[in-house]
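Quick notes on the structure that follows.
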């Protein structure tokens, strides 16, 4: 496998310090580490295509905690864990005694005695998901330091209120594969834009994840949304800084058309307004149904003003040569297919449908690579043996 | 293991073309392939009895989709997958985002990135279960052809509206084991007959599966049911054709006694009338509770006319030497045990109870054999190494 | 690994007859077998600390049946099964066809075709949990004897109405580790005492398990509870006999302070009164909500009389040097943390919090050791190879 050799040669040039570390936000990782993650992901893809096993554990558990419904992330995590040799054990909070008054730090240790990884999805409450992940990480660190746990499982963010790193890394893999290399992303324009959806309350983590990652590679990142649909200010600031450092561009505009103009890549995707998410959290916590209904009504009425934020053939014509790469984390709200009117027209989606499947297809390998890099002292040496 | 050697010698004489193929209906497989399936199943049983592993995968997922409650099929599938080295991952449609507007072809790919097999049970709606399986199969085929999937998982029918191949193959194993060989089935009379049950709406797939498979071995297959309880006409036609070709007999009668007369094997089992199932589908889809209640009432009233369709000691006396083999897919409605009056008397069931357990016991091995034959290019060579 | 060698040398001196046997009550096992179980558990801990695999199965299922919510036992069982190489398959009674009239003996066989172990938690109904486990055990024994099953899975009690052996064995491991050896437990005073909780209906199995096990090691076991909170008389009798035989002491007192006086170990834990549990069973079975509410009210009113049965700093001062080891099976009702007033004060719990986590940490290894000793003919030989 010559490809493997090439990838490993590249990997050896990078300085990585990921052993024993969690993966919570892409912007907490160095450029070398992100780069290495793309290379390890590619190694695992190569092995899988050749039907070679990349199992590195004989036994061990991969714990998943999903605080929201999920198909693709659930299966991506299960796929990654299984491929590495881990058994998946889901902490179903309804079946557990958590409601009986257990604390996070207690539960985290109780489930982790034989765990190598804890994958968490918690994207409902603004200000809480990532915090919860850090509480779990702190708890297992204490458990490990104090002799409760024989090994320290790594925590992997499977989507939180701030970032969705397994998604944005899969997106990066898609871009790397499409353009040929990370270097070739330099100067390419990506339009991360809000799009209309008949539902409300979709998390901000996807657009935040995309601008928080793509600004590191010298890309021309344009974020577009209608008034009131801003993202977490800190993340915007991070994107801005990274963009400056990488020699790229970062712009915020208020028109889908403007964002699409000359774009190499478009990522039209609905999300809830930051302010609505802020209002929603206390209502959800109180279980205030009337309040939630009222907020939903208000929000949907507001959404409806922006039905023209749809990625259709006409807007695609504005992109570079009319042939920008369309991206989506799936499932998309497709006009006339999954809803009357949505994020993308049927024609545009169908043209790029298989491309979006391939984009999603990187996710299991990204997750496996994250675990591998967090749990093996010398992942590169291990890959060399497998190749 | 001499038995293994014998089985493999037999296997080598057969022409099989099952690699990369789904298992959706037994009558889509050639006689040689069905024969081979019984031999591979026996090989796996032999290995398991000797406590030898027949694991062939290092890692990989077995996806299950159950659209109806299930114990034995669920555990049979999990057992088979585990024995082959696969991790089981259940697509729980309630926990997934399917309700959020995903299409079958999208979901099928999203769950299949590392899947070797997708097992589906969908037996509720007449005209839909098998169709759904084919949609999933088409989707993963497209995904594989278009580079979305690195491997093409096989789809295994774990019960649909038309056939229940893992059950009917387990039934065939039971018959082969009881009579000594497939050849010895020639001329044996099997009575596949309707029986009374206090419930309604049981799927047609078991009787259809039995007549669709046993007519291929020169058996004298007699189907019996009260007026109005007919099966899907196409399946009846298939059974008739196969029977003619195999030199057996296929008869439809309207009396349990007539079917039992001189029978070597009896399979008394309740099912819903075809016409009722046809009416039920649109009601279920609309969620028309009143309509469903009304239909149930009507149907149970009709059922009640046939309470004498019970497999009791008196009717068993009509069978060959009064000692026909009793078969059931379980759970049976046992009079005085699981209901006031049902499909079979307590005495008859108890006499054959362990036999029905053994019949069920073939199912995990049948499923494992199906997967093995669909996923390995040369399953016989692999078995030779294990033996 | 010198520790392993020492443990194995000790193990070889013991006479054990655990192959093919279930683990249902600790007092059904000989002293040698309990001793061996602690040694095997320690071997597995050593191996795990050294990150050496103790996988002994290539494939096979570990079936779990939980009739009550559970986090730690569920994960402990999954961890143990996974570490031994088994896949976990949960019998979710809601998703299964059990409600459709299956009998225990039928279901037990249907799920067990490839099972090595069946772990059961059934602690709700007094007089039923342990009985149910024996029914399952009898069913798989019959299945094995009659050729339905190729192997006879062992049944492991994951908590019943009588005993909680995986917990009490983890507790014993904690004591052995704390005091240095089983021999050093001789003469040590352990106070197993009732404590106040704002909830009601907690099972009796933990205190029963503790007095049923610790009386075998010459310990001074003091059981304390307010009037009306007695345990199953048979278990008390067993504890008394064992205590006499082992040269220890067994006393029942009616004051937490008296029990704590001079104690080396305290185990303050709420449980429901035996008589209430007796009344509760028929109400639960009938689904008599009003009756249950009434009983709960009555019982909580009674509980409230004993709010001073809290393990606080003042009472801890009464123990040996004020420094008794605090134990709990978790989750504890901690005053001011998980409830207004509960079993233990915040300060006491926090002091021993990590100790209770370590106590819980023995459970996966205890369960793995139980399975290993029940399923391997010569577990000691196998451990020697691993060491």
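Note that the chains are named A, B and C in the order they appear, and that numbering of residues resets to 1 at the start of each chain.
Criterion: contacts are C-beta pairs under 8 Å (C-beta built on N, C-alpha and C of every residue); 3 or more make two chains touch, one makes a residue touch a chain.
In this text, all values refer to a predicted model and were calculated from it rather than measured experimentally.
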{"item": "Shared interface partners, meaning chains that touch chain B and chain C", "value": "A"}
{"item": "Residue-number overlap at the chain A/chain C interface, same or different (half cut)", "value": "different"}
{"item": "Geometric centre distance via CA averages, chain C-chain A, whole Å", "value": "41"}
{"item": "Touching two or more other chains - residues of chain B", "value": "87"}
{"item": "Chain B contact footprint on chain C (complex, rising order)", "value": "58-61, 63, 87, 89, 91, 95-98, 100-103, 106-107, 109-111, 113-115, 142-143, 146-151"}
{"item": "Contact footprint of chain A on chain C as seen in their complex", "value": "45, 48-49, 51, 53, 55, 66, 69-72, 74-76, 78-79, 82-85, 87-88, 330-331, 333, 337-339, 353-354, 357-358, 360-361, 363-364"}
